[in-house]
Amino acid sequence: MSAARLKAAIMGATGYAGFELTRLLLRHQKLAAPLLLTRSEGSGEALESTYPELMGKGSFPLEPFSWKLLKSRGVNVLFLATPHELSRELVPEAIAQGLRVIDLSGAWRLKSAANRAVYGFVDDDPEAAAKLDQSAVYGMPELHRDEIRGAALVANPGCYATSVIVPLAALIRAGLIDTAHGVVCDCKSGVSGAGRKPTQKTHFVEAADNLSAYSVFGHRHTGEILEQAGLDAEQLIFTPHLLPIPRGILSTIYVKLRHACGADEIEAALSECYGKGGWVRLFPHGSLPQIRYSLRTNYCDVGYQLAPDGRRLIVVSCLDNLMKGAAGQALQNLNVMFGWSEKEGLE
Amino acid sequence: MSAARLKAAIMGATGYAGFELTRLLLRHQKLAAPLLLTRSEGSGEALESTYPELMGKGSFPLEPFSWKLLKSRGVNVLFLATPHELSRELVPEAIAQGLRVIDLSGAWRLKSAANRAVYGFVDDDPEAAAKLDQSAVYGMPELHRDEIRGAALVANPGCYATSVIVPLAALIRAGLIDTAHGVVCDCKSGVSGAGRKPTQKTHFVEAADNLSAYSVFGHRHTGEILEQAGLDAEQLIFTPHLLPIPRGILSTIYVKLRHACGADEIEAALSECYGKGGWVRLFPHGSLPQIRYSLRTNYCDVGYQLAPDGRRLIVVSCLDNLMKGAAGQALQNLNVMFGWSEKEGLE
Amino acid sequence: MSAARLKAAIMGATGYAGFELTRLLLRHQKLAAPLLLTRSEGSGEALESTYPELMGKGSFPLEPFSWKLLKSRGVNVLFLATPHELSRELVPEAIAQGLRVIDLSGAWRLKSAANRAVYGFVDDDPEAAAKLDQSAVYGMPELHRDEIRGAALVANPGCYATSVIVPLAALIRAGLIDTAHGVVCDCKSGVSGAGRKPTQKTHFVEAADNLSAYSVFGHRHTGEILEQAGLDAEQLIFTPHLLPIPRGILSTIYVKLRHACGADEIEAALSECYGKGGWVRLFPHGSLPQIRYSLRTNYCDVGYQLAPDGRRLIVVSCLDNLMKGAAGQALQNLNVMFGWSEKEGLE
Amino acid sequence: MSAARLKAAIMGATGYAGFELTRLLLRHQKLAAPLLLTRSEGSGEALESTYPELMGKGSFPLEPFSWKLLKSRGVNVLFLATPHELSRELVPEAIAQGLRVIDLSGAWRLKSAANRAVYGFVDDDPEAAAKLDQSAVYGMPELHRDEIRGAALVANPGCYATSVIVPLAALIRAGLIDTAHGVVCDCKSGVSGAGRKPTQKTHFVEAADNLSAYSVFGHRHTGEILEQAGLDAEQLIFTPHLLPIPRGILSTIYVKLRHACGADEIEAALSECYGKGGWVRLFPHGSLPQIRYSLRTNYCDVGYQLAPDGRRLIVVSCLDNLMKGAAGQALQNLNVMFGWSEKEGLE
């Protein structure tokens, strides 16, 4: 409630992740009302015309983007819920202007040029972009809390990637997984993950009463998982599926362990990473999370089941793709960047 | 299986109703394989590229529409599952060429110019169009069997309209309804009724877990209901709602009776109309149809419940909007036009 | 955060409404942690075993109900999310013990014995029950704010009833509706309204891809609507339908106006009732609410559309049956009873 | 249409698979109307009271089961859509009476006592049961056509098992799979797979908008897969998930190949098994089936995608759990047993 509240701006508030983020920012006690930006010319549109559920909560105009506007409004931090290309274009200048940036797109998540190739970025200033590629911090606080604190640019993780990296990174760091054997990630996501723009794939009649696998051996989140889990390309299989639900992800992850383990070893490895804060919730051995448990929360839920031989492990992780998989994690990153509790504005 | 099988052509087979119709025509014992037509140039596309469920059933090329092609293939009957404007354009020439036409669009359903106004038709030859407007037969066999038999042009009814006209027409003909009191039709339809083209409204995330009323006091099917039920505009309220299901319509219809009735009178009135063939299925008093009972069938199911006072009546009718509400009824019309059993190809 | 926080107890926390209420009470700033009660013997169960989404939020034991326990824990207010019969049994003693009670069942909502007959209550002490029937306050703050303030027993309204009474009561009070013509309420509810106990009707396979009308001319909420809207039995038609969604109600209400009205008159009547606080949200003329706008909020959304003749009016109201239709409204009543803001704990 | 039509009886017609089977048998040209049996005493119920969609199609009484009744009606073949225990009890006597039996339960699918242990069968005559265990034929015509032809007892496969065995058996027979590396089957099924009896798990509110894994490392279909695919227990991981759809299964199967393969080798192996009849439909490399393609058909659809390294293969198979996963396959078995076309009654 002090005059010194932080001022945030959001580009892309009309998309599903952008709108979720806007709602979170509006409720956050340490923030002033966010500035909502658009690149559509002559729009004069307000967010409530796209989202009538805002009725009675005030007016939320979308203002034409300009660096001048950001400066004049005293914006400190810029959220981008925009296509990759636009993030790639805007971020270098934003950083040059001294803004801190949290980018929800895939533009700045990857360190390796090989992994970035799938996006086909064309940069105006390749040198500046290359520097940012290296200085950007992968925004998963549970793994990179310290770097996020001081980061100028935080690359908010992909939704599928978060659900897979959370359990994998902890188990691989603990040295439990036989990575040479290969890791299989069978992932299922609700339709909001495909974005708000209507397509044949997101048509109700095509998606309802259905399930389909897609982007097999070729989904863009693969690179993030490889880099964050420390796997080679041929060690990872990641298969996305489209679920007939509005939101939520469940990933079923199959790994081989280096030696026969008991549940206590698995639990110790996960607790080591996630037992001290953050938004990962561990389920006891044999008790598995379901998608609806984490819907509309910022939790990534993790449960597991060992085979009787103790060598084969199935991990199930669930999260809300618009929360821990996008907007919620972005807010968690903001909290870390500004030294607030990671729970702030998320409970 | 004779050489004299009828040859049908379909324009618009890639839409939901057109595809349903194609499947029905392929199974119909009295028909040769239908000719599938398209207006998209240089497409060379086949129906199975849009509908992979055809896998293993042969190839179904979409051929560029021309009158010459229809003639050379010996087409006798033309089905149009096209936008209203295109039907309005093609039908006069089709009739001139001696084809019999079953049009699934709203182009030729209305006798009254006032009711037609909502469509805003612009005709090349207004005189020819006006003649066809009057000679076209409203394709509900249960009500217009005799005229359909000899019709050159059958205007296949709207899906909502069918669900409402079936019970209303029978009860009004029997003189049971106090029409001056007004009739309320609260109708709910699955998403396929909105067509295959993706829009914000048909996006899974917008339609799922939701219900909405739309086109209140302004839906295009209103004119059909007025004309077929014999009501004045101010005697009818018809409110469509969008249900989060792929297909199916349920209409709840509220009428006041002229005198206190028993269930036997209601049943007699409905049986009088529908007891002798056709695809209307009557449920006994107090036993109401549900959407799933008629899914993937050509039935229009009708049930009813009288108030204790015998003066207020609630009728519930259900049908599959792609079957009795579109393709199934089109096939039923074909059967009538060519003197076959109305069940042919529909069981 | 003061020592003087109110202590609430809930009976029936494992049901859908009871669990929603528990979550709300846990977040409410003016309340101590609620006491959760059960009548199942030797259960020793905790709420989190039924609702694993509570993982990580503490332990929530269900304690065996006794009046002694309530006294020893200093309980001030008792919420009942129980079957009607149990509420009917417990409330007289609770009131005698000086507790204030908010009952979510249908046990105490009706003033007229004729309307109560449908429940078939058998009371231990009919005289005491009859007194309570009359002293109980119908818990819709927007209509009965003043009586609720001092009430010992608040009868929380039914979900369907709330969605219908909100618009009807305002328009009837304003004298706009021709009640003699009759009012038609076509109501559609998500499956959670049918309770948590599994039945054939709530089986996923029976409810999905379906819609059905039920309890036609015979639903228990009818009496509430009659009493609160001031209608005679033959003036109201109320038809419930089961929607294939987890939660949410949309009611489409058809009325005839006494004279031709403009939108301003309708708006004035609604604003008169709901413009000064409470949880009713009015949509501008022609802009209709959808179920998803009010999901997981305490709003009852109201929109309307006048026919061109100005005499026929369609009102659409939406709410979340577990919030404004049950637990949210119960909390709103608590806020009124204890002089807090009606928004407290609900935003 | 001849007097010599076969007479079938069904026990368990009110369950989902039993009802689907009844509908198929009613349409089958070579069968007389089936006898529907029940063990509920004094029921006098008819199938249409459970399934009102039968309205207008005749009456379908459920008759009290007795061996005498079967004999007096001239029953030749008995279908059991019953719990495992009941099948285990009835089948020995049925075989002794000279009936041919197609059992849809899991009672007779397993050759290995170790695999059968999970069911905990208690047999009246263990010796007779042991003989039947060995003489029963696993009813997947694509793999066991010849044995089915002469079988007295056909054990109809499990739904999950069918979706997994179809691709696995062909690839393993062709020697392509490195079975020692292990096979991962991530399977997802619609809710009808859990049966018609309402439970908390099948409650609409619990299943909708959700996904959950269950019976991890412990599902009953595991034994069938091991036996039919020729795998050791530690070579198979099979994880079922509950999808929020009424029907349909999609299985994503992960295998390692013995050597780098091209698509042609995979296709050859699958075609070798399935290219000559039966109900398996192969999709070209890279084109994957979706659940809705095979709904309400008897197809098991199979598609696949090779990793760039040619060593890792993902197979996606889809089927309708009530058709190829139960009733449809049962009818296909009947067709094989009596020397009819496998398509008879299934198109």
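Just so it is clear, A, B, C and D label the chains in written order, and each chain counts residues from 1 on its own.
Throughout what follows, a residue touches a chain if its C-beta (ideal position, glycine included) is under 8 Å from a C-beta of that chain, and two chains touch if they have at least 3 such contacts.
Remember, it's a predicted structure, so these values are computed and weren't measured experimentally.
Compared on C-beta pairs in contact, B-D and A-D come out with A-D as the pair having more. Relative to subunit A, the chain whose mean Cα position lies farthest away is B.
With each centre defined as the average position of its C-alpha atoms, the distance from subunit A to subunit B rounds to 46 Å.
Put simply, the C-alpha centre of subunit A and that of subunit D have 41 angstrom between them. Between the CA-based centres of subunit B and subunit D the separation comes to 38 Å, rounded to the whole angstrom. Annotation for subunit C: residues 208-209, 244-246, 290, 292 touch two or more other chains. Remark: subunit C residues 52-53, 55-56, 209, 281, 283, 287, 289-290, 292-294, 296-297, 299, 301 touch subunit A in the complex. Touching subunit A in their complex are the following residues of subunit B: 16, 191-192, 196, 198-200, 202-205, 207-209, 244-247.
Residues 181-182, 184, 186, 188, 206, 208-214, 216-217, 234, 237, 239, 241, 243-246, 248, 250, 252, 254, 256, 288, 290-292, 295, 305-309, 312, 314, 316 of subunit B are the ones touching subunit C in the complex.
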